[in-house]
Structure formats: structure tokens, C-alpha cells
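Alright, structures below, take your time with them.
Two complexes are shown next, each including subunit A; its partner changes from subunit B in the first to subunit C in the second.
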Partner chain A sequence: MKASAYGKHIGCIALFLLCPFILTSYGVKLASEVLIMAIFVMSLGLIIGFAGLVSLGHAAFFGLGAYAVALLGNHWENTYLLLISALVISGLAAFLSGLLFIRSSGAYFLMITLAFGQMIYAIVYKLEDLTGGADGMAVVASPNLGAGPIDSRLGFFYLTAVAFLISYYFLRLLIASPFGKSVRGIKENESRMTALGYQTRTYKLAVYTISGMLAGVAGALYAYFNQYVSPDLLYWMFSGQALIMVIVGGVGTLVGPAIGAGFFVVLQNYISSFTDRWPLIMGLIFVLIVLFGKGGIMQIAALLWQRFRPQRNSKPAQQAMAKEGNGIESVKS
Partner chain B sequence: MSLLKVEHLHKSFKGLHVLKDVSLAIGAGERHVIIGPNGAGKTTLFNCITGTLPIDAGTVTVNGQKISGLPAYTAVRVGMSRTFQKNNLFGSLTVEENVQLAVNACKPHRFHFLKPLARYTETVEETESLLKQWDLWERRSRVVNELSYGEQRLLEVLLALASKPKILLLDEPTSGMSPAETVQTTKLIQRMPRSITLLVIEHDMEVVFSIADRITVLHHGEVFASDTPGNISGDERIKEIYFGGGTLQHAEA
Partner chain C sequence: MTTSTLAMHILNGLAYGMLLFMIAAGLSIIFGLMNIVNLAHGTFYLVGVYVAYTFVQQGTGFWPALLLAIVIVAALGMVMEKVLMERVYGKELEQVLLTFGLSFIFADVVKWIWGSSPLTLPVPSALDFSLNVGLTEFPAYRIFVIGIGCLLAAGLWYMENKTRIGAIIRAGVDDREMLAALGINIKIVFTAIFAVGAALAGLSGVLGGPIMGMYVGIDSEILVSSLVIVVVGGLGTWKGAFIGAILIGLTDTLGRVWFPSLTMAMIFVIMIMVLLIRPNGLFGRGAQA
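== the complex of A and B ==
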């Protein structure tokens, strides 16, 4: 990276961290929720956009992370320990389930992840003595990174902001690395990757596990955020919403899913205050994007950018978006 | 001793017996060409040798090491790599990214995930020298789908070479190329070092006779003959089955 690129990144991070000063107290809380969802949806975007694994059971990992904090939080206080437990438990669940079904692809993968997610949901639902069943359970643990309990909205925003930045830069490195490029190659043409000597299943299993871990961390943060967890967090509807956020944000990009998450969380927040037809509205937006803007918000933004900045030639960016497609083709095949 | 040995190989697809007791022995440095009419089982033989398809019976050994029954990705580990009859590339990636992936496949850092691939100088340099050597350096930033068919065909070979194979299997490397491209590709194949043992499927007889040390004729899934180019071109029976008694030019070409 050139020095000017570093400058740009530092500028963006600074602006991002200054956000709370222009937001209301409620806005700061909403921003924290956006960031948590962004981590979750980015983790799903990683396997969909870069590995071609379209999952409809990703909420299971988010939910496991959330329940890990809720259940273990009854015994342990240490925030680091709880976050790492959530990461390990979700990662383990992703690894073990991945071992079983990573060889399937396309629509089969979608169905089998859906079934797996529903199975985890059913287990949590049925273990009433432990999890409170349908009623859910309160989260007693509160975040504390060593400098005293983080109990203000502002403090929690910074906690999630740091988690988001770490996740984002980690994924950025990952997709540019030999591992990430290979995963992308497998999405593009698995048979050639095998012929080149790649053990493709190991790569897919690894990326699926990493994605599950990240979803688990997002779930853990959500448990702290909401101070209450319920089986809804593992339900397939939630997986479906995350999938829609990935597609609407922009498949095959890193920021797209994060933006998709922000878009929907904020919109839902405003719309649900005067109508309860939120799922219908979300569905309509999804259909419109799939029909008219295949690359999602990222592509629309690139087109607008090109329109209003004609002096700078942003054609390559647009082409890059166009050829990504919406990634959902892999489900049809 | 033979570098690559195929013994009593059988392969059927749902009752269709495509390879019948095929045996081949290829010495180190040899340039062995396989010919045979369409549907003779040539591509299937490549798929069985490299492990792309499971075999029903028989063995494949490289340097005395049995590789049949092992998964396809292990072929490269024993120094064997292949190209495909139908271009099998990373269509929406750039030429450079394609080659980088191929070079990266055999590097110990292929699982690393915290440093950009572009910063592994060895991979970057090997990619550059391959692209320059094969006249694709100017095209490195182009998306593969935008290349001409002939260029894609060339890239197909380049990807297989990136792993520095001891045995290279080329499935109709010149098919669909213009005459000029065919000449260029033939030269590139001829100029490959003798440290690479070649097993080539080819229909174009001019190409066949300008690269072959030995020729095997496959007919209805059986080895009909395996001999020197001189003896093969003089064999009347082979002209009969393969060339339909006509000229030495393949009907399709």
C-alpha cells in the first residue's frame, strides 16, 4: 500500500470513530447494532461472494455465539474469555458441520445448511431448562475489557467499532492472501483448481469455519448489546434476511454486505415504527435489486459515482462490478 | 525404467467399456503422442491417469510410485500436470491472476492468509517470467474471457507448466487454433526442455509427426499400436482404421 492509501484509510477510520458526535444517543445505539449486523453479514458475504457457498443456515453460528455468552456468562465474567468461547464454539460447529456437507454445492448446499440451522434452532428451543426455550434468556454478563465495565451507549459503540474494524481488515487481508485468492479460484473453477494441485475441499472447509467463527463473534456482541437472547437468533428467517442483505449490498465485494446490513437495519428501524409489514417491504426491495441492479447497492453506487465524476474514468470499476453478477447463479446451477 | 507406467487399465461408463486393458510405458524425456479417432477414449485415458476419474481396474505408476486411486490433486505432487481439451480456465479473472494461481499451487505458502499474494516475490517473479516466455505479458491485465480463442488455448498450456512438471499431459493443445497459432504452439512444445516428459493427444498429423518420438494409436479403447513415427506412418492397417484409407490428414481438421 502506498503512503497516500494509508492516509485515506486512517482518514476514513477517524471519521468513522467521530460518528457518535453527530449522532443522537439513540443513533449511537442504532450504529452499534448496524456494526454487529455488518460483521455477521460480512461473514456470510465471505462464503457467498468469494467461495460460492450460498448458505441459508448462517444464523445458527450467530445464535450459538450469542447463547455462548448468555449461558457461559452465568459462570464467567471475563469478556475476552466469553468472546473467545463464542468464537471457538461457532467455529467448531461450522467445522464439524462443514466436514459433513462441504462437498455438496449450489442448491444442495443451501438446503443442507438450512436443515442444519433448523436443527440447531430446534435443539436450543427444546433445551428449555438450559436456554429458557421459546422465552429466551437474559444475559447477565456485561462487557469489560479490563478498564471497567462498558455500560454507556458510547462505550459500547467503540467496542463494536473496534470489533468491526478488526473484522474488516482481517477479511481484507484474507481475500488478497494466497488462501483467499485460492478460495476465489475454487468459486470460479473448482475442477481446474484440483488439476493445478489444490486440495479444494480443505480450502472450502477452512473458509467456512472462519466465516462461522466471525458470525459467532457477531452473535456474542449481539448478546451483550441486547442483554437478552432468544431462539429467533438461530431461526432460518434470520439467515434469510442476512442472505438478502448480502445480495442487496453487493455479492463478491467486502463492503457491500456491510452496507447492505446498515441499509436494512436503519430502514427497518424507521419503517417498523409505522407499519408491521417489514418482511414484505424487505422482500420487495430484494426483488427490485435482483431484477434491476444485479450488483446491489455497490453497483448502484459505482454507477452514480461514474455519472457525477465524469472527469475521472471509473469504467474499470463498473466493469468489475458488472462481471461479478449477483453470485446467486451458483444456486441455480 | 519407465517414468510413467499404465498397466491393464479398464474404465467403463455405465456399461460402455471405454478403456480396455490399456497399457503404456513412457520413458523419461520421451515425447509420446496418442492418436485415434473421435471417441477412441483418449481424453478418458488422461482423466484416468491423472485421477480426475476413478478407474475400474489397473494401475498407474509414476517413478515406481502407485498413484492410481489417489485424489486428483495429488498428481501435481508427483510432478504430473495436464491441460484440457476444452479450455478450463478462470474466465473472469485476469491472465496474471490465472497464472499466479497456478504458480501458487505448489508453494509452501499456499495456505497463508495474512499477507497479500502480490507480496510473495517468488510467485510474482515466476508468473512474470512465464508470461513473458509465452508472449502473454502484454495481455496480463486482460480478463481471460476477453482473450482470443488461440490465446486462451496457450494459457491452458501455461497453467499446466506453472507447477514445473516432470510429466506434462497435453490434450489436443492446438485444436481450434489458426494455422499460424498452430505453428507457434508446435514450436513452443518442441522447445520445451527434455526434462519434461510429454504425453500429447493430437489430431493434426503435421503436429504429431513434428513432436513425436513414439506414437500410440488408440482404437475403440484399445492400444492398437505403439511404435516409432516411421513405423506408424507406414502401417497400412492404421491408415485404414484411422484415416479411412485416405491421406494422412485427419478428417476433422
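== the complex of A and C ==
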């Protein structure tokens, strides 16, 4: 990376960290929620955009992370320990389910991950003694990184902001690494990568596991944020919404899913404040994007994306747009 | 557990399985033929039962309401395919976006019109009595549902294997492009199959109304169960949907009795076991993995 590029990054981060000073208290809270969702949706964007694994069960890992904090938080206080437990539990669930599912692809993978997510949902829903069932449970633990409890909205914003930045740069490095390039190669042409001697399933499994871990961390942060967890966090409708955020934000980019998450969280908060018909409006937005998608949010995001980063990264964004049409379709035929 | 209660649970499981079969059959063929995961398929179930409810409230009686609901849902399916689905063939992500969006829209509209408190469709009076089936007394209506499911399965099996339409569908599941190249108007086939799938889901909704009750949210529950059936049974075959539906219907019902704490998880355990042994489902053709 050149010095000027470093400058740009540092500038962006600084602007980002100054956000709370122009936001209301409610805005700061909303920004924390956006950042948590952005981590979750980025983790899903990783497997969809870079590994071609379209999952409809990703909320399971988010929910497992959240419940890990809720349940273990009754016994442990240490925030680091709880976050790592969430990461390990979600990662383990992703690894084990991936072992079974990763050989499937396309629509088949979609349905199987959906069913797996529903299984986890059902288990959490039914273990009433432990999880409170449909009523959910309160989260006792509060975040504390060693410098006293973080109980202000501002403090929590910076916690999520740091988590988001770490996740973002981690994913950036991952994608640029030889490992990331191999994964993208598998998405482009799996048979060729196999012919080149790559254990393609191992690569896919690894990236799926990483994605599950990250989703778990997002879930853990959400448990701290919301102070309450319920089985809705694992329900497939939530997975579906995350998937939509990835698609709307832009498949095959890293920042796109985060933008998609922000777009929907802010819009939902805004619209829900004056009508109960948010699901209807959300559904209409989805359909309109499909009908007029070429001039819709994806396009706008891609254009902005290109403007902000003209040289290096414009190519993946363009490719993502060009591929938008024929995504995973080649799998079955 | 006595034999008679066991028999009752098994019959209940079969009735539930038949309702699932009617949805899964359409879902499976639509998936096999058009390669669409129709996340809005539960919507047809939902719309079917609520429309029938309104007709029954208006005093048409159960059977005319059943027919009208099926016709309306089939028309809805046809319009949906013609206006929207046609644009997204072969684009998986857009399919998810579109069908997911439609399911949100319809669920919310149903909630808007009929409210969110659960309603029940009354059992048609002609079938509102208990039958002695040897081991146990059992509601005649549920026997009727099992009978309809079996008849439908037989009819669909006959159509798939013995008729020209069935040959077209089988050929389409194997290779769409080739089918089109042979001069079959594949657009009409797609629209027709979509409408039939919708009608079957609508039928399931109306027949299921008196058994399952009706509420917004049942559409997504029943959709997930049907997707599991499609995965278990294998893609694009009525037979797979039928056997899969019976398996899942029985597992779910008996699971509720024997392992109440694992109720909803049981069917997914079955699915994972089947996938471990046969990755393409019980009757999958092996082309897909």
C-alpha cells in the first residue's frame, strides 16, 4: 500500500470515529446497531461474494454467538472470554455443519443451510429451561474490556466501531492473501482449481468456518447491545434479511454488504416509527430492486464505490456488477 | 402407549404428511424444472386458506370455497410467473430477493386484511364425524385428507410416467435447453407448472385450515418443512415428494409425542441422516450434488 493510500484509510477511520459528535444520542445507538449488523452481513458477504456459497441459515451462527454470551454470561464476567466463547461455538457449529453441507452448491446449499438454521432455531426454542424458549432471556453480562464497565452509548459505539474495523481489515487481508485468491478461484471455476491440485472443499470449509466465527462475534456484540436475546435471532427470516442486505449492498465487494446493512437498519428504524407496515414496504423494495435493479441501489453503490476508489478496486466492483445477473446459475446446468 | 393411540398418532402424521406433500410436490417440480427455490410458495398456502375462510364466512359453504380458493391461487401463481418470475430465470440471487420479497408482501397484506389473531376454518359438516377405523376412532375429515393426498399422488404419478405432459416435465428436469430445442414451448410449460404448483399449495392450505388452524407465520413454517421434504425426497419427482412428505409428517407427529423437547428439530435430524447416506435425496437422480 502506498503512503497516500494509508493516508486515505486513516482519514476515513478518523471521520468514522468522529461520527458520535454529529449524531444524537439515539443516532449513536443506531450507529452501534448498524455496525453490528454490518459485521454480520459482511461475514455472509464473504461466503456469498468470494466463495459462491449462498447461505440461508447464517442467522444460526449469529444467534449462537448471542446465546453464548447470554448463557455463559450467567457464570462468567470476563468480556474477552465470552467473546472468544461465542467465536469458538459459532465456528465449531459452522465447521461441523460445513463438513456435511459444503459439497452441495447453488440452490441445494441454500435449502440445506436453511434447514440447518431452522434446526438450531428449533433446539434453542425448545430448550425452555435453559434458554427461556420463545420468551427469550435477559443478558446479564455487560461489556468490560478491563478499564471498567462500558455502559454509555458512546462507549459502546467505540467498542462496536473497533470490532467493525478489526473485522473489516481482517477480511481485507484475508481476501488479498493467497488463501483468499484461491477461494475466489474456486468460485470462478471449481473444476479448474481441482485440476490444479487444490483441495477445493477444504478451502470452502475454511472460509465457511471463518464466516461463521465472525457472525458469532457479531451475535455476541448484539447480545451486549440489546441486553436481551430471543429465538428470532436464529430464525430463517433473519438469515434471509441478511442475505438481502448482501445482495442489495453489492455481491463480491467487502464494503457493499456493510452498506446494505446500514441502509436497511436505518430505513427500518425510520419507517417503523410511523407505520406498522414495514414488512410490506421492505417486500416492495425487494421486488422493485429486482424489477429496476439496474438503476437501483446496487448500481448506485457500485458507482460511488468506483468514484471513491478509482484505481485499485474498481475492477472487482465492476465484475461484481457484471456478474450480478448470472450469479450462481451455472451451477446446475 | 396403547395400540389405539399409536394408530391415532400415525393417522394424524399421515394427514399432516399429505398436506405437506401437496406443497412439496409443486415446490419440488418447480425447483427441478425451472431451478427456482420459490420462497413464496408458502404464500399460496396462506392466501388459499384465508380466501377460503372469507368465502365460508360469506356463506358459500366449504366445497365451493375450496374450488374458488384454488382457482384464485392458481391465477395468482400464473400472474406471478408471467409478470415477475420470468425475469429472474437463471439468476439465483435475484430469485431469492424476489420470492422472499413477495412472501413478505403477501404475509403483511394478509395480516392487514384479516388481522394477526389465529382463525380456524370449520370442518365441513358432511365430514364432521368420527369413523371407527378398527383400532381407533378417528375424525372422518382427516381420513378424507389422507384419501385426497393418496389419490393426488396416484394421479400425479400416472401423469408423470404415462402421459405426454409427464414426459415433457421429466425431460425438462433433465435438460431444459434440449427440451426447448426440440420445439416444446417451454414458457407455457413453466407457467402451467407454476400455476399447478400454486393450486396444489392452495388446496393444501384450504384442506389444512380445519386441521392446522390459520395464522400469519404458518406460511414460512410450512415452507421450511416442504423444503426439507424436497431435500429428503430428491429434486423434481412427485414420488420423492410423496415418500418424503410421509416420512416427515410421521417423524414430526410422532416426535411430538415421544421427544417433545426435540419436536421441531427431529425433521432436520432426519434430513441430515438422509443427506449423509444419499446426498441427492432418497429419489434424486444424481445429476445434482
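The criterion applied here is as follows: the second predicted complex is superposed on the first by the 296 of 333 C-alpha atoms of A that agree within 3 Å, B and C clash if a C-alpha of one lies under 4 Å from a C-alpha of the other, contacts with A are read in each partner's own complex, and residues count from 1 in each chain.
The working rule: contacts are C-beta pairs under 8 Å (C-beta built on N, C-alpha and C of every residue); 3 or more make two chains touch, one makes a residue touch a chain.
The shown structure was predicted, so the numbers you read here are calculated from the model rather than taken from an experiment.
Once the two complexes are laid over each other on the shared chain, residue contacts for A:Ala66 go to neither subunit B nor subunit C. Within the superposed three-chain model, A:Ile112 lies in touch with subunit C and out of touch with subunit B [touch as defined at top]. Of the two partner chains, neither subunit B nor subunit C is touched by A:Leu171.
Put subunit B and subunit C next to each other and count what each touches on subunit A; the higher total goes to C. Legend: residue contacts after superposition of the two complexes on their common chain; A:Leu127 is shown touching subunit C, with no touch to subunit B. Look at A:Met42: by the touch rule set out above, it reaches neither subunit B nor subunit C.
Once chain A of one complex is fitted onto chain A of the other, the partner contacts of A:Leu30 are absent, as it touches neither subunit B nor subunit C. When the two complexes are laid over each other on chain A, subunit A has residues 324 in contact with both subunit B and subunit C. Listed in rising order, the residues of subunit A touching subunit C in the complex are 48, 54, 56, 100-101, 103-108, 110-112, 114-116, 118-119, 121-123, 125-127, 236-237, 240, 243-244, 247-248, 251, 277, 279-280, 282-287, 289-291, 293, 324-329, 331-333.
Considering their complex, residues 31, 35-37, 39, 84, 87-88, 90-94, 96-98, 100-109, 112, 176-177, 220, 224, 227-228, 230-231, 235, 260-265, 268-269, 271-272, 275-276, 279, 288-289 of subunit C touch subunit A. The part of subunit B that touches subunit A in the complex is made up of residues 50, 52, 71-77, 81-82, 84, 88-93, 97, 100-102, 104-107, 109-118, 120, 123, 143, 159-160, 162-163.
Residues 173-174, 176-182, 184-185, 188-189, 191-200, 206, 323-324 of subunit A touch subunit B in their complex.
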